[in-house]
Each structure stands twice: as structure tokens, then as C-alpha cells.
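Residue numbering begins at 1 within each chain, and the chains themselves are lettered A, B and C in the order written.
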Amino acid sequence: MRAFSYERPSDLQAAIKAAGTSPDNQPPTQAAAQFIAGGTNMSDYMKLNVNRPERLIDLNKLSEPAMTAIRVDDAGLHLGALVRMADAQEHEDVVRMFPVICDSLRLAASGQIRNMASLGGNLLQRTRCEYFREVSWPCNKREPGAGCSALDGVNRQHAVLGGSEACIATYHGDFAQALIALDAEVEIASAKGSHRMPFADLHKRPQDTPQIETALSPSDIIVAIHVPAGPWRRSRYLKVRDRESYAFALASAAVALDMDGDTVRGARIALGGVATVPWRAKSAEEMLTGRKLDEAAAKEAADTAFAEASGRKHNAYKIPLGKQTLVRALLETQDMKV
Amino acid sequence: MSDAAPRPNENMGEPFPRIDARLKVTGQAPYPADAPIANLAYGTFAVSSIARGKINAIDIEPAKAVPGVLAVFTHREMAGQLEHPKFGNAAASSIAPLDTTDILHDGQPLALVIAETFEASQEAAQAIRVDYAAEQPSATFDAQGTETVAAKEASEQFEEDVAAGDFEAAFAAAPVTIDQRYSTPTQHHNPIELFSTTAVWDGDGLTVHEPSQNVTGWKVELAHQLRMEPEKVRIVSRYIGGAFGSKGPMTSRTAIVAWAAKKVGRPVRCVVSREQSCMTQTYRAETRHHIRMGADRDGRITAFAHEGWEVTSRPDPYVVGGTSTTGRMYDYGSVLTKVSIVKADRNTPGYMRSPPETPYVYALENAMDEMAVALNMDPVEFRRVNDTQVEPIGKKPFSSRSLMTCYDQAAEAFGWKERNAAVGSMRDGDWLIGMGCATAIYPTNVAPCTVRLRLNADGGLRLQCGSHEIGTGVRTIAAQMASERLGIPMDKIEVEMGDSSLPPAPVSGGSVSTASVCSAVIKGCASIRGKLFSAVVSADGPLKGAEPATLDMKDGAITSSDGRSMPMKEAFVAMKTGVIEDYAEFAPDGATPEAVSKLYGGQSEMKGGEKGEKVKYAFGAEFVEVRINTRTREVRVPRIVGAFAAGRIMNTRTARSQLMGGMIWGISSALHEVTEIDPRAARYVNRDLQDYLVPVNADIRDLQVILVPEVDMDVNPAGVKGLGELGNVGTAAAIASAVYHATGKRIRDLPIRLETLLT
Amino acid sequence: MSSNPASPPNGVSRRGFLSGSATLAVATPFVAHAAEQAAPGAAAKDPHAKVAVSFNINGKPYQLGLDARTSLLDALRDHAGLTGTKKGCDHGQCGACSVLVDGRRVLSCMSFAVMQEGAEITTIEGLASTDGALHPMQQAFVDHDAFQCGYCTPGQIMSAVGCVQEGHAENDDDIREYMSGNLCRCAAYPNIVAAIRQARDDMKEG
């Protein structure tokens, strides 16, 4: 790990100022000054020499109450970016109103990590692609133009949706799938002031610039997450993985259903473990809307969701697996007692 | 009584809690990297990122520029400084990194940075730049450029390809046959304790704190590499944070760190990262198997052929070689076996928990289930038909073999008769249920061992033995054996282990420790008893004139069979002594006259298994239930039952824990563990515990261990069969069989992952 | 959420200021105030300079001068002399380094020590009472043979104490799930579950 100087600003303005200015288009992950909150992803990548900040800016003592608050009002749910995953997971309003959010947090990582990790940091976690983590492999995300070792390498855990010839690294987060499904927004503080952005716009597909992972600039700080109110008590997150706990999804599905008897009035679907970014399956939602939800409809929705998927040597199984995961999630969500 | 402490049956010992339990639950047990050392410097290796080629140039200037760096050593400084390791004894590999510009495997150490702090040493090691002349490496089976050699030609350790009868004729004549191929992947031990070396010089004497399963062997090997007298080297390894074979052979790191510590004039500690561990330590080599089996319609196996292939490094002929066991497993009419090693551009593999049996018995037992299906026979009955008390190769009797008792007890506890044998017939909602079983077997070994006992008149005993507490409970069991023989309570016994300055014990491998240490303790105790008994029968007192053979030691007293007794304290007075000290050397039946002196020289002469007039093995039977989601096909094992017979069980608590851990290792091996190799580069890809999966707590639910009483005094004076490596043999085959029962898919290549089961 | 350590800390560190780095700390100016940091264009401080950090470990105050890169885990082991907390992966993948920070179980390898200014840290050394009586969780681990090699054990026990305090040990399924961040390669899992079940009840009574 490269040596860094450590700073602990006490409010947002000071933190933004501490980050200073960066060259245009420089991704936050390559900036001289980088933020840390829970540390569960940042310290990992610093030890691996992947993230190399010269200055590390600790956000944990920021005094803005909104950053650590969980609040519910008519507009919906407001989650401060410094709220720890475990606290959001257990919050009674979250459990009651948005089971899918609660599930996505509960099934992530481990008890200790959920006690540490901030919600904002969780959303910005970087891929766990083995070739990205080990700096001696060529990787376009770390070194643009170096080549992608995963395309023809051991790519069992890699993405089948949203990839490019430059990068097929999976976005491994769970929470993000619930948020994108529910049309969440993120509130971002920057040198120019504060603004909101649809969560769906936060992450960038790799295309030919896999080093650019988000729409954030280096001094931007996620302040809060806003989830609009909605009829989503019938919702869940299904995570399929190699072992029963403490593992990343091979495939997952965040599903929220608004049912009128057996008929779908509204559906929200996101897919995890199979895509390079948080992945909303809108075409599948549209296909289901107004339909009677049964096995056949669920299968049709799954086929629709994966219509554009493309697999490689070791990850092609994620296409049938992802479909089965979505079918299972849809039918299990339908069966929920709410 | 809790599940953890089963009630002892018949000849079994009491479930004493571990005597080091308090230290372990309070954080006070001193693992080697915990040793408080003054003025410590920190070492970090920079390793190769190619698997084959040469170093053109290595730039260490950026590393030297890091504040706090004391020294950087490469082949430029170190070539010729150390004797090369001697593969085949205590050394993991003959590869001598930092002696050469040649690169023989991915992750080969290329430079060692010594710095004031851990952080500076890491930063500096990451700053080193190497210019390589890279060559195309051969990664594993099927790669161009590998070399295949018959194991019996390549290694002295592998004596023969066992055979009996005319296999080809019997196979051709068999009415029912199977002919299948199986494989097992590369696996790494991944003990939770990181590998580490702490080297401390005091004048020309060296103390190394390092987790080791073989302190005496390492002392000798390290002295060889450093060109020192063995007596000047001490290895300290009092507590070991999981070993499983990984800390048996010494790797090249130890001597390099020791050399560097001398060079910088400071004690040096090098804790190896999890990621580097898989390249600088040993591993379980990937294996392939071809099995042909023929049987009569009544289920008698008439022909069995087992051919195996295993990967090893270019220079070292490490052989897994499990055909000696599989060839003797059942009453085959004829046997043909062959083992070959395949040399690739890899680090040298080594032994990992039940090294030969885990892969070879997996293949055999998966085939046994396939044959049972082909015969339309119950798999337990199929084993019963082919059970035998005489092995088929040398026609020698088993010293004891309680296999079918294990099957019957485990089947009963599991509820095997509730199983509907039809494939895909059992289901619970969205989960398919499958049930399967397999045989566990492990050779019973014993090796020379020495102990020193020091008994005082108050009944306090100090027991010293250079064995290793790797979690087996050997420290507790040694005390138990002494407690039993000397009639003193457990809390009066102090046991010292894990230090090469103690009387030597064999490598803690091959499941020899309990048998070997207990046999030596029995011998030492017998000598102390003899001294006390001869004193009390000739001195005035209640036991005057008693026949020594009628005496025993119980509850702090010397007792005679006619009811007389004398407190031990008085016996010491009768002997006119304050302390009785005894040093005992145990050598097993059939050992050479040099066996104990070889032990002092760092070599363990193991006896047992297929050698001797009777063949010696421990057996077990394991039954598993798998559940497989009908849609997403993940496999879970909610229930597992194992019954094991392993001679005398010294401590039902530690025995159960060992077997339980083994069974979970078996589940892990079946479903999770694989080190992936990028075939283009011959490099490991999943190098940490994020991607090398082992079970977590939530993976394990209902697990039952049944200890089957067995008496076998042929194996060793303690009547003990080692069981640390028994529990994980066969499990993976039981799971493969259960997966077949649930889905109709026979998976022959491990691990069994959901993608192979998706429809 | 409780901010109390799991049990009365013993207040004694046997090997307190072993490394000598603690004495360096006093002279090093501490860089905590945002106002000092935020001046745009200000020359970066020497990143290799030692940084002072103060926190309580097992009820005892510590003031250490550390490389900013020092993880809380390495600070405990190498600078505070408390080696009961173990390093198993250094990447948040095994749980061996679990400690309580302000009453919550966390992974000490994933946090820089300088981020813990003012924190109350409880390690395995702080769990037993000063009279030597084991914490109910420690005793339960002994009773149920909930370890073999013992290396992951301090992390298991600290995590288990946190797990019970969080209310995630009410049934076996919860224990298994919420303890899944602590790998045990010896695979003592069924015994760990039994131990936590016992300690949960003992902790409620106590």
C-alpha cells in the first residue's frame, strides 16, 4: 500500500474542499484524494495496491445529521449515506415497507461487515473480478488499454449482461439491485452544491472506458438515498450462491410486485450477479404488467430479461441460472403473505 | 452431556476438555507470529508473476527509496549463500528461489524486503519491478510441454503399482462392467493462521518461530540450508493455527528469512499474505482417474482397475498414489493399477489431509455407487457382498476391519431404509432430496517417538515431547495416557510440545501422532511404574513383598490387586527420591535399528498400512442427504452421519471433533474447493478466501458422528488408530451419489457446482 | 445499540507499550481538524509521518504513534502487544480479527487505526473478568469443544458476543447465519452453534 496522509473533516463542505480539484474526467478511484467511510472495500483495495490515494479523507465524522439518519415520510424512505448496512437492514420501517431492501442488505457480506459498511460506500463497491484484484494481470479497468484477462480467462463469476470487449467484470452489490428496482435516487453533494440523480444513472457500463465506473467526480459525496413510496410490501431479494452465506451472488433477483389477485398491476425487477452494473429488467416488468402471473409468464419474463445476454466459456451458465433465479423470485414473491 | 462430549463406550477414553482450552479462549495461546520480540524488523517477499522463464533485470531502487526499508535481497545478493533444499524429506521442494534467475512457477519468491514496519515492507515489495524473459508455461493436464512419468520410476516413495490376478481376462468376462473417468481439482489447505517465519539470532544460534508439523525435521533441514550445526537451530511452534499438511514440509522462505535476519542484524518476522500463500506453500495436486470394474450379477467384483494421473512440478516427483489403498479396499477377484505423474510449470504439491485417499477413494467410491446402480443393488449391500477380512493384493489379513458395523450403525442412525431408491423420487417442496453413502478408510501408521517424563512426589507430572498440537488434541491425549498409567489427575499434568529442543517426535502427518506419542508415553510410564513398584515391594510398608505384576497406580496411590495400597508420596520416600525422571524411546514393531537415531536426524520411519504381516487400516461409513433446488440447482447438505471404528478412542470429545471436521472437509471438497488455474499463464486465479470457498457456519446443519468400539492391539501398544484424516475420505463420493439419486446426473469431476446440474 | 463493552474490562494490559512506538506518539502533532486540512493547494503532509491516535482498549487508554496505513488489527497486535486478535486473511474474508468497537463487532483488518480515534475497543483479552473467571461465551466454547486449533477462536468468540448482543442468536438458524462471517477451517461449526446457544442463555441470566 502506498503511504497516504489522513484527514478527518467535520462537515461536508470541508470534505469536498479537502478532496480539492481533479483533472477533468478523472475517475474518483484514480484521484489523489479519495474518501473512506466503512472501509470494507476501500481498505481491501488499498492493500491490494489497486486504489492508491495520496490523501485519504475519512467521512465518518461528518456532522450533517441527514448523513446518518433513516427517515420515512409521505415521499418515501430516506437513508443517510453513512448509515451502516446493519442499521438499515433492521430498521422497522424498512422491514415493513420494503422487504426487498431489507433482504438485499441481510444477504450481503457478514454481520461484522454490515456493522461497518456504509450504505453509500456499499453502492460504490468495486468489482471483485480476480484479474482486477491482482495487479499483475492486464486489466482495462485498472490500466486502460492493457487488455482484459477475464474475457478468455477463468470467468465463471463474470457478467453476461452489460459487458463489452474491454470488460466483463460483475458488479457484485446486492443493495443496489433493490434500489434500482424501486426507482431510487441518490443525493450528491459537490463543490457546485447538492443535486439528485436517478440511482440508475450512477453506475456506468464499461463500454470502452471500464475505468469510469460511476457518474461521480472525485469530490462528489453521496449524502443520501431516497426511495420513493410505493406498494412494495410484496417484494423480496433472492440470492443464489455457491455456499449458504457470505458469498457473492452467482445470480440474484430483486422483485417487487403489486398484485390484483393473480394479475400483475405493477412489477419491478432487477438482476444481480449477472451484469456489469446494477441491472434493471424493464422489458420483463412491462411484459408482466397486466398479465396473470404463473409459471409460463414468469418464464417468459425471464427470457425477456436475458434476451441480450451473452456468455463466455465459464459464465454461460449464468444465462439459464439467471432466468431460473428470476422465475423463482417472481413465484416466491407472489406467494408472500403481506 | 453435550453432543461435543460423547459418552465413552467399552474401551474408549473420557471426553476430557482440552488442557489448553483456557489459553485458546482467552487469546493467550502463543501462536508463532504472536511471539513478542524486541527490535523486530518486518519482511515481505516480492514474487514472480510469470510461471516460466528468466529474470532479465530486477529493479529494487523504488523499494529501497521507501522510508523505513532496511534491505532488499535478490538473487544478486543471495546466489550461493544457501544450500539447496532437499526435496523428499522435510523440505517442500528442491526449488531454491533467490539462488537463480530461473523461474519455475508462478509466485516464486524473487526478492525479500526488510523494513522497520510491516507497512513499509509491503509498500516496498509492491514497488519492485521485474523485467522477465517469459516462456510459454505448461499449466496442468492436457497442456503442451508437460511430461508424463510412471510414478514407480520417478519416486522412491512410490514402490509399486499393486496388482493381483488377471484383470483383463476377468474384466472381459464380467457380465456387468463400468468404465469411467473421474477427476479432482487443485486444492489449498488454507489454514486460517497465515504462514509466517520469525527468525531471531543470538550469536551463532538461531531460533525460528514458525508454525510447523515437524520441528525436528525442520531443525535439521534448516541447518542444512544455512550450513550450520543442527544443534544451533531451534524451531518453536507451540500452537499451530490449523495445518492439514500445509505446515509439514518446510518451504524455502524459512532459510531465506533466517539468512536475511543475520544479514541485517535484527530479528525478522515475515507473515505471508493469503494471496502469496497458495504459490509459496504446497497444495493438493489435481488428479485424474480411469476406473474399470467388472462384477457378477450377484454383485461380486471380479475385476478392478484403477489408473491415476497427478500433476507435480518440473523438478520434484511428488506422488499422491492412492492405489495401494483402493487396490486393497474390497474383495476384488483381480486388480490392476497404475500411477503416473505429470510434470508442469507449477510449484511442488504436497500432502493435504488424507493425501492419497481423498482423491483416489473418491474415484473408487463414486465408481462403487455407479456399479451398484448398474447391478440394481442397494449400495450398502453391494459393499457387504464385497467386504473382506483379507486384502486381495498380498492376501494378508486386516488387523481389524469393522467396515460393515460402521455401515450398519450409520445406516440405522441415518434412516437409510426410508430412502426410496428410485432416482428423483424424493422431494420436499421445491427441493429435490438425494441420499448417498460411501466408505471412509485411512491407513493406520505409527512412527518412532520419544518423551521425557518428570514425576514428583506430589503427583505433579511434566511431560515433554516434540510433537505438535495442530488442533488434534494430542497435548490433552498425551496427558490422559499418562494420567491413566500413573494414576494422577489431569490437572497435575503439564505438557510441553512444539519445540525442537524437546525429545523428538515424528512429523504430525499420516495420522501418526496419537498412536506414536501415546506409545512412547506408555513406555515412559511403564519405566516409572517399574521403578516405584520395585522400591515399594522391597521397602517397609504396606506393599512389602507384593508381586510387582499385581501392582497398579490409581488415584495418587500404588495399589495391589489384593486391595493393599500406599500413597505415591510414601513410595517416593521408600525410593529415597524427590523426582523420578524418565526418558523413553518408542520404536514400532518392524522398525529398523536406526529408527530412533533417524528420528533425531529429522526422519520419521512410519510403519503400518499395507506393510507388515497384517494390514492396518481404520474404516468408516458416511451417509449424506443433499437438497437441490429444482430451479436454481444449488446443492446443500443438511444432514450427514458418519460411523467410524479406529481402534481405541483416547478421548471421545477430541475424536468426535476431528471426525466432524473431517466430514465437513469432505463436504467442502465435494461442493466448494477448487484452486482455479489460468491455463494461458499457469497462474492461480482465486488466491484468497473470497474466491477459494470453504463452508461457513450456515452450510452445516445436522451432523452426527458415531464412534464404533473396536479393539486392535496389533496396531501399536496404545491400540490406537489415527483418525484425523479418516473423516474426509469418501464424503465427496457419498455426495456425488446423493446428487445422482436426486437428479439422475452422475458428476465425476469435482467440485459439484450448480452449473453442472442446470437443466 | 449498546455502547458498553461486552463485560467489565480487566483494565490491565500485560504487554502494554511493548513496541515503543507509543512514546513516539506524544511528540507527533495530531492531524484531526478539517480546518487545517482543507486549504486548497496546501502542500500534502509527509505521508510517511507518524500519526497520533488515542483510544481505549479493554478500558485502558492507549496513545499510539502509527503509520497511517496501520490497520486496527496490526495496531492491536504489533503496537499494543495484544496478540489475541488474529490475522487470517487481512481482507475481511475470514473473521479471525473480529473485535468490538463501541460495542459492535467489526473486522479490525478492514479499518485503519487512525480512524478509531476515541473509540472503545474490546478484544479477547478484555473479555474475562479481572478475577480470571471466563466470560460465559468463553466457558461455553470450552464446554462444547467449539474449536480445534484455536486460531479463529478469539474472532469467533468476539463475534459471538456481538451476535448475542445484537439479538441474532435467538435460534440456531440465526446463529448459523449471523456467525457465517467467521470461518473455522477445522470446522467446529456445530459445536460453535451449541456453545453460543448455551452462552446466550447464560448471558441473559447473568
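Note that in this section contacts are C-beta pairs under 8 Å (C-beta built on N, C-alpha and C of every residue); 3 or more make two chains touch, one makes a residue touch a chain.
No experiment lies behind these values; they were computed from the predicted model shown.
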Chain whose Cα centroid lies nearest the overall Cα centroid: B
Chain pair, A-B or B-C, that carries the greater number of C-beta contacts: B-C
Whole-Å separation of chain centres (CA-atom averages), chain A against chain C: 29
Chain centre separation (chain A, chain B; CA means) in Å: 42
Rounded Å distance, chain B centre to chain C centre (Cα mean): 32
Where chain C touches two or more other chains, by residue: 48, 67, 69, 90-91, 176-177, 179-182
For chain A, residues contacting two or more additional chains: 1-3, 47, 244-246
For chain B, residues contacting two or more additional chains: 67, 119, 123, 690, 695-699
Residues of chain C defined as touching chain A within the complex: 1, 31-35, 37-38, 40-41, 44-49, 51, 67-69, 71, 90-92, 95, 98, 104-107, 109-112, 114-115, 117, 159, 162-163, 166, 168, 176-182
Residues of chain A defined as touching chain B within the complex: 1-3, 47, 49, 128, 130-131, 134-136, 149, 152-154, 156-157, 240-248, 250-251, 317, 320-321, 324-325, 327-328
For the chain A and chain C complex, residues of the former touching the latter: 1-11, 14-15, 17-18, 20-21, 36, 38-40, 43-44, 46-48, 54-56, 58, 60, 86-87, 109-113, 115-116, 244-246
Residues of chain B touching chain A in the complex: 49, 67, 119, 122-123, 126, 275, 430, 629, 631-634, 636, 671-672, 676-678, 680, 685-687, 690-691, 693, 695-699, 753-755, 758-759
Contact footprint of chain B on chain C as seen in their complex: 15, 18, 48, 67, 69-70, 74, 77-78, 81-91, 93-94, 96, 123-125, 127-128, 134, 138-139, 141-154, 157, 175-177, 179-194
